[in-house]
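To start, I am sharing the structure in question, which I have written as structure tokens.
Which chain is which? They are A, B, C, D, E and F, in the order written, and residues in each are numbered from 1.
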């Protein structure tokens, strides 16, 4: 039942996401008392030109 | 006023989305007592390599 | 696999949501070629004082 | 701390988003009493073929 | 058409949200070339006990 | 920079969320090569009467 959405800047590899998904699912199952097959994780990759902090798009940093 | 976001795995065609949008809007208008022109539906297509179930990215299934 | 989030103004009853959920799931299964048990729908009820259209919070309408 | 997500139709330029981000951040800081460096804005560009109003995908308008 | 979701910590008043909604809508209309009546803004108030930064729920700060 | 939203059914305690937040942040920092203070996690608690699976609101299960 948990639905987890993770918004990241572009550049993470499939291997990095796989490792994150595995550990996050373990944490949610063990601490949240749910079953692994109910844990959905949706990654999305965002270009820095679409992400502003303090009013500044982050692609020039 | 209803805003409906639908996250799908890649692969649905425009025709499939058009059919879903039509029926979902009808359901919300008839059951939820709202007007069609206030129903916004936003589809997004997600690569299976960005979607984990039970800690496993789903692109190898 | 589809995850569907529906943001509504407060006031819909459980029965209205149940009817919407049933019909929306049927539409997604039949048109989108997925299985019913993979369709998750999450409703959230929003106070009109938290929803602006044209720059106006909608609680005085 | 505020996280602001802005879903737009495709076609806005980087310069338009930069101008929106700057003014939105100023509004949130001045009216909401927070600090600029805590304001995150995430834009996403949506194809009109993925956005329905009144049950109609908007790419033929 | 733009849908804007703003996640805030609890504590902003209706007046603060009304002022933010007005200015954000103006910014999106003037910089993004859209019409005011198409701009939807959805505020949500989050308890600090539901918001973690650096792994720490923020209700003890 | 990562923003992580976790939608749960009601009933998790603050202690459970604190433990999840800690481990999820560690996973994202170690596997995703980011800094802890940039990791935001937003939990939201959803009533089962607002969550349907297979077209069924889940409050009678």
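Note that in this section a contact is a pair of C-beta atoms (placed from the backbone, for glycine too) under 8 Å apart; a residue touches a chain by one contact, two chains touch by 3 or more.
These numbers come from a predicted model, not from an experiment.
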Q | Between chain B and chain C, the fewest steps along chains that touch one another | A | 1
Q: Write down the chain pair in A-F, B-C or A-D that repeats the interface of A-B; the criterion is over half of the contact pairs matching by residue number.
A: A-D
Q: Please work out which of D-F and B-D is bridged by more C-beta pairs in contact, and write that pair.
A: B-D
Q | Size of the rotation, in steps of 5 degrees, that lays the CA trace of chain D over chain E | A | 180
Q.
Interface check for copies chain A and chain D. Shared numbers divided by all numbers used: above half gives same, below half gives different; which is it?
A. different
Q. How many Å are there between the centre of chain B and the centre of chain F, using C-alpha atoms for each centre?
A. 22
**Q.** Centroid distance [mean C-alpha coordinates] between chain C and chain A, Å
**A.** 24
**Q.** Residue list for chain E, restricted to those that touch at least two other chains
**A.** 3, 7, 24, 26, 40, 42, 51, 53
Q. Which chains touch, pair by pair?
A. A-B, A-C, A-D, A-F, B-C, B-D, B-E, C-E, C-F, D-E, D-F, E-F
Q. Hey, which residues of chain F end up touching chain D in the complex?
A. 3, 40, 42
Q. Residues of chain F touching chain A in their complex?
A. 1-9, 12, 16, 19-20, 23-24, 26-28, 31-33, 51, 53, 58
Q) Touching chain E in the complex: which residues of chain F? A) 14, 17-18, 21-22, 24-26, 36-37, 39-45
Q.
Under the stated contact criterion, what part of chain F meets chain C in this complex?
A. 7, 46, 49-57, 59
